[in-house]
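Next come the structures, one after another.
Two complexes are shown next, each including chain A; its partner changes from chain B in the first to chain C in the second.
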Partner chain A sequence: MSSAGFYIMATGAVIAAACALLGSFLVLRKMAMVGDAVSHAVLPGIVLAFLISGSRGNLIMLVGAAITGVLTTVLIELLHKKARLQEDASIGITFTWLFAIGVILISSFTGQVDLDQDCVLYGEIAYVPLDLLYTSSGTVLGPRALWVGGGLLLLVVIFVLVGFRGLKISTFNPEYAKALGISTAFWHFSFMGLVSLTTVVSFESVGAILIVALLVVPAATAYLLTHRLKAMLLLAVLFGVLASVGGYYLAAALNGSIAGAMVTVAGILFLLAFGYSRWENSRKA
Partner chain B sequence: MDSLWTFLQFKDATLQLVTAGTVLIAMGASVVGCFAFLRKRALVGDAVAHAILPGIAVAFMLTAAKNPLILLSGALVSGWLALYCIEIIQKTSKLSADTAIAAVLGVFFGIGILLLTHIQHSDLENQSGLDRFLFGSAASMSTADLLTYAGVALFLLLAIAGLYKELKLFSFNPEYAQVLGLPVKTIRRLINSLTVMAIAIGIQSVGVVLMAALLITPAAAARAWTDRLLVMIFLAAGFAAFSALVGSYVSFSATAMPTGPWIVMSLSFLALISLFIAPQRGLLARLNRQRLNRIKILTENMLKAFYNLGERAGTYQKWLTAEDLARVRDFTHAELTQGLRILRKKHLVIPKQSGYRLSRQGLDEARRVVRLHRLWEMYLTQRMRMKSDHIHPNAETIEHIITPEIEEQLLRELDFPEKDPHSSPIPYPQ
Partner chain C sequence: MIAETQEVIPALEVHNLSASYQRKPVLWDVDFQLPQGKLIGVVGPNGSGKTTLLKNIMGLMEPDSGYVKLFGEDLEKVRHRISYVPQRESVDWNFPASVRDVVEMGRYRKNRLFKRLKAQDHQLVTEALERVNLLELSQRQISQLSGGQQQRVFIARALAQQADLYLMDEPFVGVDAATEEALLELLTEMKNAGKTVVIVHHDLQTAYEYFDWTVLLNTRLVAAGPQESIFKKELLQEAYGGRLTVLSKIGDLMARKDFPARETGFKEKEGLGDG
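Here is the complex of A and B:
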């Protein structure tokens, strides 16, 4: 296997794994479509941060763009609770509006922003091996995206490990969490902040729209197969990694988008799990 | 402003056609969207918009032609398939609706992207322009395409006009529609087909991602202004048409600007304004109602405090200070200042340097509030058989709400009682 192929698969795998962990909680919190909205709504944040800082790599830009994502959830809440708009419409209006602002910004600053519409739609994971990091002595450390993705995965793993109890209780039983003195608002916002950061980091690799698939599909597949949270998290990561490896080969075979192929494989895994869970249910019944 | 004038003259035949087409497409989507909005299926529309992509790609791969009708049929098939998948997942597994929608949206779109990039990388001729579906661009459509899509939009509007009654009943109350013997299943299939069709042509002007806005946003904006479906539909169509004009104008005057995002900007702006300023349902109107209500309760409670102090002292002519009032009831400092100011403005209290006392009308009004409070306490003890030490908080709330008609009924029901359950006299108008 070429090192380029390995780099692409590894980058896909770390991003998919981070998405799968957070996505499991999104699915359990019934917030899958909020995740979808956030992944679209970070676009104007990314463009603005890019215009201000002039590059895609730096940390301030990542965090700045991630704040847009958290603001999205606040905006959805405001429309829903204060303006009494039904929830699905609040989500739909918020993310289309912010995404439209993002596209307009890209169109206004073409030439100044190194983002184009294709990148927004399906990312540039194929170009990952072109942007390598070197040590001062010139040894190749691997692609930048892999390091950023790896850092993100580490952050997500630490967050899930440290916050497991708080996340679990505030997900399954918010009332009980309150009674125990666990702040549901704290977990909500730090969780959404991390989802939003993940979206920003994954953006250039897989594009705005396919992120939602990586967040939701492996987690949903795992949820079909188990009732236990820990097992679900591990299975979701496994499916995410499988999708990334399988997607690389499928894309090579069809000469198409790698991100699109990753999601296609994730979809096939979902279909298999769905068939299996229906067969299980009919056998029990 | 010159460019606006040139735009509005519509001298250019292409401009006329593109603008008219965009307006019709947006109107079609917004009208169908009203029903999706009312059925709370707005995000399903979003999923269908994404799910259309593989259908278009497969249709192109099979025929290698960009005939709009063939692509449209491909879109219909995959849109339908996505709807079916969402329904099956939701019905037969433990996954919730939002997960089902997001999963179908993501997977279909991923397959679509895979196929589309496959087409682009292979040497099929005539493939350019397929990615128009992703971001939409009415301006680059050929005349024939545009006529086809506008025709479909017109068909949608006519179909909805023809089946208005059935669609209305179904959207608000499907169970009732079924009891009435309407073919509910057929209507559901029909309304789904109309939605998929509207989305398939709508992505031509705004693209996949923003399609949801074309369905939901005009409906949400219109809903803020009215409770009547017909008015809502016309308003939504109006908002959509106006925004389509705005989008066309912007991309006419600044050629680098895409039409779709500006249509969505205009729609979102209209929706936000509507949600804010609409009478009755708007945010400002609701906040104002809440404020007025709070003031009513505050002033009535202050009148009661005046009355209670007067009742104890045996005279209502004594001058009372804010501190006196605070002694009978827990008013904050700000409440006292605001309440006394309003009472004075309404001439319900007479101010003097040493304090305030109730005016003639003020005393009447205070009697009315105290009377309602005590009548309700009587009602609770006599008719609801509640203990007399449990009734005060309930009466505190209801005294601000009872209308003169209910008061009349209470009086007759209780036969004009003299005293309340705590043996305080019930004040009647003098």
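Here is the complex of A and C:
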């Protein structure tokens, strides 16, 4: 295997793993579509930060986009609670509107620079090995995206490990958590902030449209197969990694889009799990 | 002297509490006090604000006006002494967790959320499971439980909290007769241990038998006090309006209670089976 192939797979795997961990809680919180909304709505944040700072992939851009993401969830809740709109309608209005602003910003202001619509929509993980990091002495450290993704995964793992009980109780029974004096708002916003950050980091690799698949599909697959939260998290990570490795080889065989192939493999894994759980249930009954 | 003053502190004081959903009043100027060490029912017709009352007491909702004191203090000061049991339907029972996982949540605390539970916490969880007779099922996934078992999980979680005041929202809904009896026994045990238990209950007929005190609610407070002072025709009529079928049934029930020599057979049981 070429080192380029390895870099692509490794980058896909760390992003998929981070997405799977957060996605498990998104699924359990019945917020999968909020994840979708955030992944689209961070676009204007990314573009604005890009226009201000003039470069991609720096800290300003990440933070700017993450803030837009949290803002999206606030806006959705505001429309839902204050305007008394159904939650799905609130989501539909919020993210398409923000995404549209992002599309306008890209098409009218960033024409000459390196931020194109295709890349934003579909991502291009195949370019990952082209953007390498070097030490001052010139040794190759690996792709920048892999390092950023790795840092993100580390952050997510720490958050889930340290915050496991807080996430669990505020997901399962938020009212009871509040009654115990636990701040569900703190958990909600720190969680959504991390989801936004993950979305932004994954953006370049898999794009705005497919990122939600990495958040939801491996988590949903794991949900079908286990009754334990810890097992669900581990299985989701496994399926995410399998999808990115399998997707790479599928794309190589078909000479097609890697991101598309990753999500296709994730979908196939889901179907297999679905069939298995049906078979398992009918056997018990 | 000190002991005496402690006796008098009410477990719960609700002062001129008003609350609304989308500007529709659900509670209007509700004001009452409840003593410690009693089994107390909160009773009223559907939509009379029973659940809203509990949510306001637990600070889960902002009241429009009024305030609540628990053991003479603000909630924040005595939170560790209060345990809340939400309605069973308020959570998704397909959540990937075991019975024990859920009961352990009763030992979660804001400032200890990042630390592992201690041996003592695990001991309290085991004891709570034992008291609701769920110890054998402690590793079972919560979706595989019956309604009555799920209700017992919630009660065990509350017990694990080691509180002094318990606020329970409809703990008898979807529970079979045997479990209902066992739960009632447990609640009486808790009361005898000096705990105060406040229960939102929709069934007027069993309310008379189950509780020592009743808060009769219909957006406004109709009455709050010991059973004898509440179960009067005028008050029940005020709470339930003209629904005379309910009232005449209660009349029957009270008559039977007062004259136990009358025939009591499966007929009475039938009447109690609701919910």
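Note that the second predicted complex is superposed on the first by the 282 of 285 C-alpha atoms of A that agree within 3 Å, B and C clash if a C-alpha of one lies under 4 Å from a C-alpha of the other, contacts with A are read in each partner's own complex, and residues count from 1 in each chain.
We take it that a contact is a pair of C-beta atoms (placed from the backbone, for glycine too) under 8 Å apart; a residue touches a chain by one contact, two chains touch by 3 or more.
Just so it is clear, the model here is predicted, and its values are computed rather than measured.
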First, second, both or neither for A:L180, with chain B first and chain C second: second
First (chain B), second (chain C), both or neither touched by A:R278: first
First (chain B), second (chain C), both or neither touched by A:A41: neither
Which superposed partner A:A32 touches (first chain B, second chain C, both, neither): first
Contacts of A:V70 with chain B and chain C, given as first, second, both or neither: neither
Which of chain B and chain C A:A266 touches, first, second, both or neither: first
Which superposed partner A:A220 touches (first chain B, second chain C, both, neither): first
First (chain B), second (chain C), both or neither touched by A:I8: neither
Touched partner set for A:F99, first chain B, second chain C, both or neither: first
Per-residue touch tally on chain A - higher for chain B or for chain C: B
Common interface residues of chain A - those touching chain B in one complex and chain C in the other: 30, 84, 223
Complex contacts: residues of chain C adjacent to chain A: 22, 55, 58-60, 76, 79, 82-84, 86, 90-92, 95-98, 101-102, 105, 108-110, 113-114, 141, 143, 157, 161
For the chain A and chain B complex, residues of the former touching the latter: 27, 30-36, 40, 79, 82-86, 88-89, 91-93, 95-97, 99-101, 103-104, 107-108, 110, 117-118, 121-122, 208-210, 212-217, 220, 223-224, 250-251, 254-257, 259-264, 266-267, 270, 274, 277-278, 281
Chain A contact footprint on chain B (complex, rising order): 37, 40-43, 45-46, 50, 89, 92-96, 98-99, 101-103, 105-107, 109-118, 121-122, 131, 134-135, 208-210, 212-213, 215-217, 219-220, 256-258, 260-262, 264-265, 268, 271, 275-276, 281, 283, 286
Residue ranges of chain A touching chain C (in the complex, touch as defined): 28, 30, 84, 162-163, 165-166, 168-169, 171-173, 175-183, 223, 226-229, 231-232
